[in-house]
Amino acid sequence: MGKLEIEKLHFAYDKATPVIKGIDLELDNRKTAIIGQNGSGKTTFVKLLKGLLRPDSGRILLDGADLATMTVAQIAKQIGLVFQNPDDQIFKSTVLDEVMVGPLNIGQTLDEARASSRAALAQVQLADVEQVNPYDLNLAQRKMVALASILAMDTPIVIFDEPTMGQDAAGKAIIKKVIEDLQAEGKAVLCILHDMDFAAAVFERIIVFSQGQLLLEGDAREVFKQKELLQQAYLDQPQAMKIAHALGIPGDLLTVEEVDSALARPSQ
Amino acid sequence: MDAMTLYVPRNSPIHRLDPLTKMLYIVVSIAAAYLLDGLWEVAAVMIISFGILLIGKVFRNILPVIALSFLLILSIVIVQGFFNPANETLLFELGPIKFYQEGLVIALRLTMRVINMVCAFGVLVLTTSPTELVERLQQKGMSPKIGYVILSVLQIIPQLRATYAKIQDAQRARGMETEGSLLVRVKAFFPLLGPVILNALNDTRERAIALDVRGFDRDTPKTYLNEAKSYRYSVLLNVLLLLILAGLIVWRVMG
Amino acid sequence: MSIIEVKDLKYRYPDTTKLALDGISFSVEQGEFIGLIGRNTAGKSTLCYALSGLVPHFFKGAYGGSVEIAGLNVRTTDVSEVTAAAGLVFENPFSQITGSRFTVYEEIAFGLENMGLPRDEMIKRIEEALDLLDIRKVKDKNPFDLSGGQMQRVAIAGVVAMKPKVLILDEPTSQLDPQGSEEVFKVVENLTKEGITIIMAEQKMEKIAQYADRVLLLDDAKLIAYDTPEAVFSRDDLASLGVQPPAVTAIARHLGKRKATGHYPVDLEELKMLLAEEGAAHG
């Protein structure tokens, strides 16, 4: 369930500027992050996965079925996408009603939608504001509402577009837990990220986009240690890795915790 | 994204005229077209407007606007040509529809008045940059707050169009159908319109804060980065236009 | 006299029951760079509004205590005078572009026209701002046609050209990509060199550690700490306050590596030195 195969994907908004220039990829159940400079094609790629855009050539297979044969509404039952700006979707006057929109659209009954929405709100720790108007919350909280609205749709594949932007440490911890819980439920998670530290701490597989093509992909440790290639794509390494290299610690460490373990000595 | 303006930058005498003169021209030209009755006289007023647009090198740009009002013009012709109670003299028949001379004359006159009105507005809108127009009005005492509203509407509405596309994507991604039967489209209305309005309101509130920070509410007299243009013959032309208007009114009243 | 003097500031938004600011007192000297940190609902934005006069003049609500900026009492002074002394830049670049100007150059002039400055002074200040904010190459473009980072720099330029004594930035990079963020931090560094007093609320602790002279830590409407970055990031209770220290400090803490001051280092070079010393001591 939830297997995506992308074959020879090409897409251009207008004939003069191709944006996706040939992508072949298979998404499995490893938590996967897509990183890349603005303009490298990440958001366009994700819109193609959701059927919001249709490829010029190549195809996308979802559990063997070609996405071209499915409507956007049908795809929405299988693939959920949390957009970057929550204000592009919020229109209901209470948080609960807003979260229920997606589940109701894809066919859940009123009771099912209410239950899944409440569960989703609990996951993002907004259970106590379900009757509040979303615009009475701050931007970071509205982002969580948007996140909950996709979680409630219970899709086998979930895609996030910059979920950590504008979040504080607590917010990032909630998102990390949500992603880990999704994986525990057997769901496939794909995340567009600019936050290298979050990517290194949470994701097993990293895909690097550059100018509409895959520059690099693989295991997080393997990808992040390739400093020169990342620089080519105007990307940085995680903080912990840079510190570890500066301190001469071997092992291409990804997180502060790994650096701690490597440096642990009996204290004086 | 371009601002929502019809302004076409060109180097022409009309572009160099005082925006206030052009505004006065709109009043005088429309009034003239209505104060005069004869078909030839109204045609002359309309041709004068064409002439000014030609001198301003923007005649080509008014044609799409006239084309837009074509539907209005067509309905005038049909209604007047067909239904006018003063209809007597039958001119010709097109199948079951009879066209009478009286009605057609009225329709033609009305059509020319509409085209003249569009062209008169065109003289102002096509040859005056919004910034220049607003600054000139402010010089004459219009509140800068109104000037701000006029200019910001021109820019922000096109931005809303971009936002609308993103909103459509977000709602479709949640399983909402936007294509199909009328019922489907009606159901899609609020999920699409809601975020547009809420976004705009939220944006307006934040912008109001930013404007306050930039001193928008200050009592101090405002100065201008752009030098105030001196318009040649401005007074002369304004007086001339006012005289024409006064003359036409007197002529009309006298019988 | 301090450039900012806050005494027992209390504030509650209209139609709410909870205090958004609860008895905050601190002072800032001219030319200082203060980093403002704390979790999302701690009160950072409200404090930024209070320092620029928008609280209470724009937001109304219940106000107690006093804020003095460059000698002006915020509550009793007309808001446009306060905002001229303390300029505010916030999260969303798009909503800070006025929308009534068609080029970046004219956009920066907006605030200057409102101040009633003579034309040659306006031009001088705009030219300075274009260089300070590194936006000269886009000066004739429409502000809405710029990238997020460029738009934010135009917003900052519009405020900086008004020559406020204090510049307040409320999470100016949180909606920007890494490149845009870097651009903004670079120009903020330029501004500190000009001697402007800066208050910046941020979530990127590495940057706070790099630029700030002192760090103001808020939680639940109260001032918890106001001290050097080292001191604040060495606190034991940061996790419960919803704050994550910079990676270097976190690593130093786990290793127990304190400086002579008793605090953990915030700078990588300092950590390297401490480890080297220890290595040397062990022979």
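A, B and C are the chain letters, set down in written order, and residue numbers restart from 1 in every chain.
As a convention for this text, a residue touches a chain if its C-beta (ideal position, glycine included) is under 8 Å from a C-beta of that chain, and two chains touch if they have at least 3 such contacts.
What you see is a predicted model, and the numbers here were worked out from it, not measured in a lab.
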Greatest contact count: chains B-C
Farthest chain from subunit A by C-alpha centroid distance is chain B
Cα centroid separation, subunit B vs subunit C, in Å, comes to 45
For the pair subunit A and subunit B, the C-alpha centroid-to-centroid distance in angstrom is 47
When centres are defined as mean Cα positions, the distance from subunit A to subunit C in whole Å is 30
Residue set of subunit C touching subunit A in the complex reads 39-41, 45, 91, 147, 171, 174-175, 177-179, 203, 206, 242-244, 246-248, 250-251, 254-256, 268, 271-272, 275, 278
In the complex, the residues of subunit A that touch subunit B are 47, 50, 52, 71-73, 76-77, 80-81, 83, 85, 87-92, 101-102, 105-106, 135, 149-150, 153
As the complex stands, subunit B meets subunit C at residues 1-3, 130-131, 147-148, 151-152, 155-156, 159, 203, 206-227
The answer for subunit A against subunit C in the complex is residues 37-38, 138-141, 165-171, 194, 197, 234-236, 239-240, 243, 246-247, 256, 259-260, 263-265, 267-268
The residues of subunit B that touch subunit A in their complex are 163, 166-167, 169-177, 190-191, 193-195, 198-199, 202
